[in-house]
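What follows is a short report on a single structure.
Chains: A, B and C, in written order; residue numbering restarts at 1 for each.
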Amino acid sequence: MEWFIMMTFISGGVRSGKSRFAEQLAEQDAQARGGPLFYLATAATPQEPEMQARIRWHQQDRGTAWITLEEPVALNAILPRLQPNSTLLLDCLTLWSSQVMFASDLSLEEAIKQLSAFIQALADQHIHLIVVSNDINECLPPTECKLLNYVNFLQSLHQCLTAQADQAIQMLSGCAYYWKGG
Amino acid sequence: MEWFIMMTFISGGVRSGKSRFAEQLAEQDAQARGGPLFYLATAATPQEPEMQARIRWHQQDRGTAWITLEEPVALNAILPRLQPNSTLLLDCLTLWSSQVMFASDLSLEEAIKQLSAFIQALADQHIHLIVVSNDINECLPPTECKLLNYVNFLQSLHQCLTAQADQAIQMLSGCAYYWKGG
Amino acid sequence: MEWFIMMTFISGGVRSGKSRFAEQLAEQDAQARGGPLFYLATAATPQEPEMQARIRWHQQDRGTAWITLEEPVALNAILPRLQPNSTLLLDCLTLWSSQVMFASDLSLEEAIKQLSAFIQALADQHIHLIVVSNDINECLPPTECKLLNYVNFLQSLHQCLTAQADQAIQMLSGCAYYWKGG
């Protein structure tokens, strides 16, 4: 029996090539396993036509190999729709975390608990989870308290994911640097 | 016949030591080739006396080995002033890209096209191009649409340059890390 | 006689795991030397009860092995309270630099001079200095002049420290990357 990587965490700044790299990684992984390829979109359906168009464009661009699931908050809700030994790309954690923090008012401890339970449930089914997120902390901390809390919230989740990940990757201008498991 | 590196891309945050490192690299390169050393300043002449003084100080600090050219937008316009087998430092792309995006209203596609044509024209003449730019994407995305577009614009150019570069380097506190071609 | 590292510089973004990593490093270092372990808190006592609580929590969390000193500006003032062959963690430079720049109105040259004299005085006593600071420069430069000056000020101090450091480390999501002396 082969050994497969169970969790990969990919972070980087805006337009650093994170999503493209993650999609290629997921496609290669699914091909190696011979299993299905799931895409978990965390965006609540946006109001802006521009954003809707960008989402449609991304979906078409990914091609027919992908099964797209949508869930803005309750990650566990998608578990029944997955299959064992598959590959799941969650893009992106940044959006999910802003939604659980601002709309669902989850505490950091609760968010970490939910995320960890989700990771464990996937690992139990030999599903490779690939998580994409944005680094937003290499700057002057925002003066607005709500935004500073969000930076702290998201970056604490990053630490939690990196600790649990088999691979942790940072993207810079389309280049991948392996912080863990390279 | 020797092989020379044709394009080097150096990025980093504000005061990360990018320019100093790039200047040393360019000087070493010109010495190894025995060719002239050009500096392409992309700043439109600034209004502020402080900025004017800083530019003059930088120019004097670089010393007499350098031939300084100034061109805020039309990169190709400087081609007739260069010589084959020379070294050209473009400092910095951040400024150029803000000028072509905001003042000249160029699309990303058009900017990539112009930049790639410039790179090709230099490679044809065996001119080593060293490009310096700022990483501005490891933070909360700006809420103002125009600024967000600019971050996307610049970081997409970074990806384009990194893909074409023989060497891609990120600076952190005066230390160079080679993402590509180290 | 053994050789000990004399200065370590650790930077990273908000919630990147800098402080925890620095504390572990300091504890290991003190254990290896058999010397005392000092913590230099640079925070002027904050107004906000939340911040006061966070400081108390951190102090308790560090445990009884640590001797905590407090000094927001005049680093040299703590020298008489230290002992040779000890370990000193300064957390963090970001706060110190904002205080010397905004409250004490020190120039960058003067700040570098004070910091370098402090480092030298510690090295003379075989005290290992570990400095923690925030990277705040991978973003659009702030438009407000005072803030931009601060980014320049702090990042210039980072370059100064990195140049003098035996080890320079950047933290990303709890992972340490050695830029120098790894």
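Definition applied: a contact is a pair of C-beta atoms (placed from the backbone, for glycine too) under 8 Å apart; a residue touches a chain by one contact, two chains touch by 3 or more.
Please read all numbers here as calculations on a predicted model, not as lab measurements.
Copies chain A and chain C of the same sequence differ in orientation by 120 degrees, per CA superposition (steps of 5). For the touching copies chain B and chain C, the fraction of interface residue numbers used by both falls below half; the interface is of the different-residue type. If you average the Cα atoms of chain B and of chain C, the two centres end up 33 Å apart.
The set of chain B residues that touch two or more partner chains comprises 13, 135, 137-139, 151.
Remark: chain A residues 13-17, 134-139, 142, 147, 150-151, 172-175, 177 touch chain B in the complex. Looking at the complex, you find that chain A touches chain C at residues 9, 11, 13, 135, 137-141, 148, 151-152, 155-156, 158-159, 161-163, 168, 170, 179-180.
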